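Have a look at these structures, which come just after this line.
Both complexes shown next keep chain A, but they swap its partner, so chain B is in the first and chain C is in the second.
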Partner chain A sequence: MNDFEIPATESTPLIRTDRAAGRLEMSGDSYPENSFELFQPVLDWIAGFLGQLLQPLTLELKLLYLNTSSVRAMMDIFDALQDAHDRGQPVEVNWRYDRDNERVADLAAEFKEDYSFPFEIIPGS
Partner chain B sequence: MSSGFPLPPGERPLTERIDALLTDAEHRDNPLRAPLAELYNAFSDHLHQLERITRISDHYQAAERDRGANHAVNYRRQLRRLEKIVRISDQYQGMLRELNQRLEWLSHRDALTGLPNRRHALMRLREEHVRAQRGGRSFVIMIIDIDHFKDINDTWGHEFGDQALTAVAARLAASVREYDVCARWGGEEFLVMLPDTDPCAAGDNARRLRACVGSDPFTIDGRELRITVSLGVGSYHPGEDLTEFMKRVDDALYLAKHEGRDRIAFAA
Partner chain C sequence: MEEVDVLSLREAFSRQGIMLGFNGPFSATLMEEIGKALRKHMEGLAESPSAITDVFSAYIELSQNIRHYAASSGVSGAAAEATIIVSRDDAGHYVVSAGNVVLHDDGETLVARIGELAALDKAALKAAFKTQMRKPRDPEAKTGAGLGLIDLARRASQPLACGVKPLDSQHAFFSLRVVI
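Showing the complex of A and B:
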């Protein structure tokens, strides 16, 4: 469960973990050729964090475009957070979006549906 | 222990009667007593065994039923999840599509004047050329150039010049029909194309456009300014290729400039 940072590319988002702060950050576009390769370390890190630590976990997201397999991976991530939340562990998601692109907010709201942990959709500049 | 066998009315259960017989001292020496006791024990064991098997079997059946129910629950959950993925994915595609349309629109616009740009004009010219070649009616092209634009820029600066350009563009755009093309062709040049238009209508249209710019002064940045334009105007000749046609219109514009500006020259 070591921290890692994957720099953004044209087709993949920046992904950065901070175990001490209880933070996972993802920002950018995500349409990787191999979504398993990209997201498995993220899922593993989250599973490790939620399995070992009882401190709160916050996901800071600023995602713009996601392809279908990335949508699926994000749902896997949110499912893991929901399980932790159901066990009483504090988890939250902050999804920031550009005011110029309200559609991203609609999409974040679609994701949010069905989950009961704190999930904020925050307009920014 | 209950054997579970049905009893004739008024009769005690068989097991109780046998228990009673086996414990009765009166039958202690009966030669049937030992084999009956043995048979009775064997029967009890079998009955016990049978009940165990039934219990285990019931457990299995219940477990199988639960498993089936779990499958159904899982299936419904997965289906719901899949529907959600599809819904979200469709929205992303919609977003991209809109973005694409917006970019396409932008790629055909001139950022300063908001008119269609040269790329758009060329596309429409080629379409109209193809249509005319297929035996459609002729079409008219005008290239309109602002007179002494360099002086405007030099005197009041480029920002002022840009405002003048935009103001001229707005008047021209307001003076053409909806299906005409009025584009920024480059620098201070505009291209107007009148699709499906006879050569004899070209003159009236050109005069109208010249007048819409030149007859009333502009007010730009609080300053009143008279702007005139020169026009090269041409009608398409059947069979002509587009480059030749454009060349004729360009030459006409050159002539209008050369002969003193603020005028219309018709292509040969």
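Showing the complex of A and C:
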């Protein structure tokens, strides 16, 4: 469960983990052809963090456009957070977006409906 | 082979409101570059971020569907090629159209699936998207697991329209039109 950072590309977001701070950041667009390859390290890191540590985990998201396979991969990530939440481990998601881009807010809101852990959708400029 | 007639192509593009078009074999990199050009062009027209996202998304899902199909269907040659067109109709709607060579049976399956989706309203499409998302994923599959067509239908302002034309005993040309 070592920390890692994957720089953003045209079609993939910046991904950065911080075990000490209990934080995972993802920002940018995500539309790779193989999203599962991209997100597997994220899922592994989250599973490691939630399995070994009892400290809170926060996902700081500034994700913009997600293709459908990225949406599917995000579901797996949020499901892992929900399992931890159900076990009593504190987890939260903060998803920041530009208030002009309502599609991002729509997408985040559709995810939020399916989970009971704290899930903030935060407009900015 | 006919000689290339640039003027008549240009006139056909103008008549059909075509802003951007591509025909031939395409790589992931080329797809990204065309997508970037599409976004820049729409930003230049001062379109809203939501409109840009919807058109861009339709373009990406259609392109990736075709690339995944070409990679998985075992049909080589023409099947790895695509025709992708972004245009505007008389009402000002953006239209993303795409076509590729498919096996006959696959074409018929797609037509049936798109017909099912056309009968659903926005709420039913949302429910279908969530149901599909929760279906177990084939660990070998790299794709969006059947979410692409539903996503296209959700972003469209009109039901998806498609067609399939036989090319030879095995192959057909499948085309899909998404009006945003």
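Operating definition for what follows: the second predicted complex is superposed on the first by the 125 of 125 C-alpha atoms of A that agree within 3 Å, B and C clash if a C-alpha of one lies under 4 Å from a C-alpha of the other, contacts with A are read in each partner's own complex, and residues count from 1 in each chain.
The rule is simple: contacts are C-beta pairs under 8 Å (C-beta built on N, C-alpha and C of every residue); 3 or more make two chains touch, one makes a residue touch a chain.
These numbers come from a predicted model, not from an experiment.
Under the clash rule set out above, the superposition-derived model of chain A with chain B and chain C contains a clash between the two partners.
Put simply, more of the residues of chain A are touched by C, taking chain B and chain C as the two choices.
Look at A:Glu33: by the touch rule set out above, it reaches chain C but stays clear of chain B.
Contacts of A:Asp100 after superposition on the shared chain: chain C is touched, whereas chain B is not. When the shared chain is aligned, chain C comes close enough to touch A:Glu10, but chain B does not. In the overlay built on the shared chain, the residue A:Met75 is in contact with chain B and with chain C.
In the superposed model, A:Tyr65 lies in contact with both chain B and chain C.
Once the two complexes are laid over each other on the shared chain, residue contacts for A:Phe111 go to chain B alone; chain C is not touched.
Superposing the two complexes on chain A places one region of chain C into the space of chain B, and among 97-105, 115-123 or 133-141 that region is 133-141. Shared contact residues of chain A with chain B and chain C: 65, 67-68, 71-72, 75, 101, 103-104, 110, 114. Taken together, the chain A residues at the contact with chain C in this complex read 10-11, 31, 33-37, 64-65, 67-69, 71-72, 75, 98, 100-104, 110, 114. Against chain B, the residues of chain A that register as touching in their complex are 65-68, 71-72, 75, 101, 103-104, 106-107, 110-111, 113-114.
Against chain A, in their complex, chain C makes its touches with residues 28, 32, 36, 48-50, 53-54, 56-57, 60-61, 64, 67-68, 126, 130, 133-134, 137, 142-145, 147-148, 151. On the side of chain B, the complex with chain A involves touching residues 81, 84-85, 87-89, 91-92, 94-96, 98.
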